[in-house]
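Each of the two complexes below includes subunit A, the first together with subunit B, the second together with subunit C.
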Partner chain A sequence: MLGPWLDYTVNGLIIGNIYALLAVGLALIFGVANLINFAHGSVYTVGAYIGWASITYLHTPLPVTLLLVVAGCALLGIAIERLGLRPLHGRSRIAPLLATIGISLVLDQLVQLLGSPDPRALPSQLPDVRFQIGNGTIGTLDLLIAGIGIGSATLLYVFLRHTKLGWAVRATAQDQDAARQMGVDTDRINLTVFAIASALGGVSGVLVGMYYNSIDPNMSFDATLKGVVAMMIGGLGNVPGAIGGGLLLGLTESYGIALFGSSYRNLFAFALLILILVLAPNGLFRWRRDLPPEPLTGTFIAPSRPVRIPRSVLAGITVAAALLGLAPLPYLLQTLTNGLLTALLALSLTLVAGTVGQVSLGQAALLAIGGYASGLLALDLGWPVDVSVLAAGFITAALGTLVVYPAFRMRGHYVAIATLGIGQIVALVILNWTGLTRGAMGLTAIPPPSIAGVELTSVRSVYWLSLALVVAMALLQTRLLAAHLGRAWRSIREDEVAARSYGVDANRYKALAFAFGGFGAGVGGAVTAHLYSYIDYQTFSAQLSIVALTMVILGGLGNVPGAILGAVVLTGFPELFRAAAEYRMLAYGVVLLLLIRYRPQGLLGTV
Partner chain B sequence: MLGRRTLLAGTAALGTAALVHGRSAAAADAVVVGVSGPLTGQMAQYGSQWKASFDLAIEQIKAGGGPAIEYQFEDSQADPRQSVAIAQKFVNDDRIVIEVGDFSSTASMAASPIYQRGKLVQFGQTNSHPDFTKGGDYMWSSSISQAEEQPNLADYAINGLGLKKLAVLHLNTDWGTTAKNLFVKAVQDKGAEVVGTEGFLPGEKDFRSTLVRLRDANPTGFILEAYYADAAVIARQVRDLGLKQPIAAVGSVYSPKLLELGGDAVNGIYTQSNFFPDDPRPEVQAFVKAFQAKYNRAPDGFNATAFDTMILIGALVKQFGATREGIHEGLAKIKDVPSVVYGSMTFDPATRRVAGAKFERLVVKDDKFTLWDGVKPSVG
Partner chain C sequence: MAAPLLQVRGLVRRFEGVTAVAGVDLEVAEGELVSIIGPNGAGKSTLFNVISGLDRPDAGSVHFRGSDVTGARPEKLAAQGLARTFQHGRVFGNMSVMDNVLVGAHTRLRAVRPAVPLLGPLLELWLAAVRPGRVRAEEAAMRAEVKQILTLFGDRLLPRLDNPAYSLSYANRRRVEIARALALRPVLLMMDEPTAGMNESETAEMQEILAGLKARGQTILLIEHKLEMVMRLSDRVIAMDDGRRIAEGPPAAVRNDPAVIEAYLGHAAMGQAAE
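Take a look at the complex of A and B:
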């Protein structure tokens, strides 16, 4: 029985190899800039397309192709650092993270516009000599990918430990200001690191493209996701650890498939991530706590004086919004309804991320839980919709808090990555638990929203329902924030250690925040499900979690009216740019970047 | 500071104006078709394929003395949040007489209640989800019914190719799952055996371990329920693992892209297609020639489907008038519309789908799709 296991091991190492290459670039950037670079996958995609263009149009041999990719992506890395991230220096820690998300959006759209959305073939330029291992074979490309991964990690390790510039890089990583006082040109260090990491990312893109003989503009999200998971397993910012993390992730997936089948592969990948985060948050390859501790979560948020909107104005806006429901503008009302339902998600996120300081990248999972809970109660048990929606709120509050529980003892980036993983796990459980959720077929024929037996089918009535829900949740949240509870929440954000020493039970308060936010988001997801009549595991995708975070930051973290504003504006955004058709996502990305650059504390300011 | 504020306010004002008066100028006499589909995002390539075929069909309808047709293409990114907003827009725009799309079931079926209540036909040309047309009597589809295609594929694999123990890889979406379930049932009905099924997620590229798992179930052939990009990647890894079993695949792998992406590994893949450019039928030849002349590339099945849709709309408008109700009633009555995919298209008013797709049995030989010569594969 060794036969198949040898094959599974080889296969795991082959895919792990690719994850490792991605993770090394991410680890390098994190090591210096303390930043999870969400644009890394996009640089990887750009690299693949530069390689494709140079082979197709210039007929370059492999070494020249790689050289062009290295040069092109290094320049791109320099541009990202210089134009996208350096202006944000000294701002809140969340700003660069979001900027990389915006940059990634812009790069992916550019690639798609220039390179057509259809996948393209990227033929390998290596002579394909294949070696028999077990029952399968590996080719020269597998060896080259492994060689470049391990080679670059070794080189980087030596560079960081034994060269003067390497010391400067590490000094910059430990304390940017102190390094600067010692005469280190930290700007130049950052540029160098971004250039190296991006060149590496581009080379990975071109090699992986050749490996599958297929590149497309959507390959970036998966690449970022798997690269980040591999990096976390190896330890944030640990370059040699990233290699180990990548290989371990590949092996876990491969053995997971061997034991349970391929639809569980990502479930295993993310379960491994959560396990590592809970048991060994510094990664598998560090036993000592020698990473600089994560900054206190409070510094994640840009301090600012929030814009105080008089109550009378808020009341006026609410009345105007309610009156707008009378207008014969169904398209506008539908768009606003979508915005308001998303606002329930944004309200929950602004509470956990802004007020309590737990930046969550998996918040859309709460909508999914709410949608499925209410849909199933109505479909399978025949509950009236108003009761099932309410029940979905409580179920989401309970279930949502429970699944996020492992993230409670974490801070900063760790919370963000853990919740990203938890969000993926929820979606995969929905996909695979066919007996309950009907799997990939989704829930069909979900009855429309109703109150006391009266079906709300007109745009107008659903609009008013959503508006009423948002106003109710917003008032409640404002009330809680002004009370003792709000102060306890903020104290955890500002300094969890101090809060604990004053007797604030941090976990209990975090649970309360997730439960309260989960109720609102669950109700929002439930109403959405009844409005659409059909949902599946993709209706509330990981991208929605990221959009939700941008909404909350746009409005101002922790700011209740800000979250609603952010949700309505960003939901309306793609609609506003509709005339631009293919270019509108690009416009969305650019505007997002401008906002982060010029108004990082959001439109209404953080609270 | 002032500049920034003005800019923001300006954008907001512009946007509000666009939302309120969200209609583009169109010739007053043209018939307008609303199209909701992906032009950006993960599925953008399908939207751009639709566009190419719509433009070609509209030219031909006009040249043939038919009605002047325009379409308003709204990008939904195949996202349900956007497709429902588009649905409201279309339903309340009196110029629009029929809606086409969306691409995915997630986006299409979320918008169905709005079209149904608005009494505007939602024509889901790619929506094979068995429940799509159950959304109401305004949901119609020309998508190939998997209930027809899968028994055909099973027959090809079992009786045509002589494969008795099959391993199935399927896309883990509503489409792929439906296809897999119908295929497994058809295989059992024919007295053969499915030794293993594995689902994969859209965008997945590594299949080596999945294939090892299937290999150890000792199949005599692999069946792919996938689109062309995935099928090419899978075929390459099947060969990398040293597996020699024949591969048969559902018709959606039929695309010139399969050959480009798969290279040598796709030689010997068996498939069937309801659209095959070398098909001697005159309607197919006329379409392929016209498409090639206009775009300088070969069309694929998605192009053929979209072309058929617009020709159908032209015929509906001509026979039943350019009104929503005329088109709705016309769909049940119209008979034998010339079609690239079906030969001729007639809807069953009970299921609101088209029956009788033709399947040509194909094999990839010397980097080309060719008609299957009836020879059983030697290994297997």
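Take a look at the complex of A and C:
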């Protein structure tokens, strides 16, 4: 009986070691750059592929493989810092966060293009010997991972405590300005830290690949999340805490799988994340009561003057768009319909992220809630589709606000992490709540959209429906923004401390924004579900949340016409240039990076 | 004498190893202008943060208008008539001067923010979308009032009503903050170094404005480094050092208090304080 538990413990500690390696890198980077590096998982994936390439093509022995991974990833980390982040120095503090998202999109797609989209086997290069310990066993690879984990932690400790460069790193982490005044070359420190963190990330990638004997380009997202969760458990920027957090996360997952099965694995990780964020935002290893750390107060977004588009022009565009529905261009209309339905998501995101400043990385979960709500009401209860879509809007408004509620008391980066986690939790609940959602099977044969019993089957009618919905939501949102409500929302984005000091109840207004945005996104998800006739828990993925954020930034934060423009353009262009379809995410990443660098206020400007 | 408007008793706030506020007592009566002076790091701003609800005390109590508000949320204190400005300035950068000041009037809005429990927020959405006559009238009245408040600063801000706050000069941003605080119609106005970063003529101008507010009967709690201004304006001065109140009384008495002189001489901040 004890045997398997020992195995689960060993397994948890080994995976925990990997998470710790990731989390340590993230914590180091957060320490000096005050930034959660969303590209960290991509570096980890690149590390795994460097390892695979060197074993496959160069037939390197293990030490050489690891050395190549360390060198390659350190260089990559230096490149990320030097080319991607340093030019953003002194910009609004949202800029580097978004840049790391862009970098991760680019790196992931490059790996996919250079490696292959399919999983690859990564042999472990170690003799497959397992040692008996009591009733459990431990393999050579387990020992290697443990050794590398302990070894790098020791090296890091010695480096930070006993070398001059290490002191400089710690000084920079405490107070960048003070360190610079004392003659520390903080640019060099940043480079050093990115190099070390990326090398550790790369090593953990190759070790994971060997452990599961499989690597694929999609492993980066998960890695970023797990690393971030582990770091948050330990406390933002707390390096020893990150190690503890990694081990704790690994054990939690391992025991969770033992008790409930592997589809629950990530649910545990994210539930733990939300718990930590809510109950102990300073991490588990710091008990002192203190003001919550505020990594992102002050200027959150770039100053800008929005482009004012005359109403007549907007009205003209709307009429032209409606008339376009008459054109015999089904493919174009279909593409535009997709763009418009995505615009409902973008409108909701531009409200919460742009107007209220709560950068949500889980917004697509609202589509999922809406899609499932309407689909189930129509399928299981036989509701007419127009009623179910409307009901889905309200359900999403309520449920969406409720699930995001834990993130309301957070600021800046914390909101991004929490919403990312919440988005994942929604997807995992859908996957695991088989009784209600049919689990991995998804919803099939969802009836098509209909109004008053008339089914909208033609491409044209669905296009018009989507257009009408977008125009209605856009008008309503514009009207709200022009009222005192809009003022209260923007004051929270600009400076939550000042807003609250003037009586603006931040929670109430965030809830209102998520409720209103949730309604629109819920309706969007519902119509999408009826249009596709099939959805599952992956239809509205985290990737869609990131893409929506790119659309919102392209249009200009908080900018209503901008969000629609961003959604239509970014959905439409890859479709129109079919050849480029496989470069989609690459294009999104590049667009995001270029925008942040050269036009941070977006095409139409922040409102 | 009636109970003071603001009564702080034995307030303590510790940070990791540092006691920023170490048992401070403080009273402000209605219509009074009380200044807090002290070298940098004396705990003045921390004291402000704790009183205004942005930070929670480790010990002690704060009473405002007769009720215990120790550790109350800042929203609640604002609703009760406490307004404050910030040491480093916290204007809403991407919002116009008009919108900045209108946020200051937030707690006074009745028509758009119905005091209905539970359904209030939804009603607020509805009113923002539909905007019945009452809501529009209230908005218009507030806009007129904002212009009225801004006349206080002559033509410094009025011509810039629609400019975003980030485009303003530093001194003008400070003025926007004060206007925002006045829009709340504060029972108690707390100002954290309103003249920081201002030149001599701007400081003189601000001093006039504060004197005007005081003449109108505005109760003010002021943190200020410029001693000359403090001496002119204050009814009472409280000197702080190392988180403690080291002297209290009429301006002239505090100025000549040996403990105060010692505190300033003992700190490098002397030069700044003697301006």
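Note that in this section the second predicted complex is superposed on the first by the 541 of 607 C-alpha atoms of A that agree within 3 Å, B and C clash if a C-alpha of one lies under 4 Å from a C-alpha of the other, contacts with A are read in each partner's own complex, and residues count from 1 in each chain.
Basically, contacts are C-beta pairs under 8 Å (C-beta built on N, C-alpha and C of every residue); 3 or more make two chains touch, one makes a residue touch a chain.
Just so you know, these numbers come straight off a predicted model, no measurement behind them.
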Subunit B and subunit C placed together on subunit A: clash or fit? fit
Go through the superposed model and pick first if A:G503 touches only subunit B, second if only subunit C, both, or neither.
second
First (subunit B), second (subunit C), both or neither: which does A:L480 touch? second
- prompt: Where does A:S533 make contact in the superposed view: on subunit B (first), on subunit C (second), on both, or on neither?
  reply: first
Across subunit A, the partner (subunit B or subunit C) reaching more residues is B
- Answer with first, second, both or neither: which of subunit B and subunit C does A:T606 touch in the superposed model? second
Tell me which partner A:L431 touches in the superposition: subunit B (first), subunit C (second), both or neither.
first
Going by the contact rule set out at the top, does A:D7 touch subunit B (first), subunit C (second), both, or neither? first
- request: Examine A:E575 and indicate which partner it touches, taking first as subunit B and second as subunit C; both and neither are also allowed.
  value: first
Distance floor for C-alpha atoms, subunit B against subunit C, superposed on A, in Å, equals 23
In the complex, subunit B touches subunit A at residues 4, 11, 14-15, 18-20, 22, 24, 39-45, 48, 73-75, 77, 80-82, 84-85, 87-89, 91-92, 104-106, 109-114, 117, 129, 131, 134-135, 172-174, 176-178, 198-201, 203-210, 212-213, 215-216, 229, 232-233, 236, 240-242, 257, 260-263
In the complex, subunit A touches subunit B at residues 4, 7-8, 11-12, 14-15, 109, 112, 116-121, 123, 130, 132, 135-139, 212-214, 216-219, 221-222, 253-254, 257-258, 261-263, 265-266, 329-335, 338, 342, 431, 439-442, 444-445, 448, 457, 459, 531-536, 538-539, 571-576, 578-579, 581-582, 584-585, 591, 598
In the complex, the residues of subunit A that touch subunit C are 288, 290-291, 299, 301, 303-305, 476, 479-480, 483-488, 490-491, 493-495, 497-506, 508, 511-512, 515-516, 606
Given the complex, residues on subunit C that touch subunit A span 15-16, 52-55, 73-75, 78-79, 83-84, 86, 90-95, 99, 102-104, 106-107, 109, 112-113, 121, 124-125, 127-129, 131, 135, 139, 164, 166-167, 180, 184
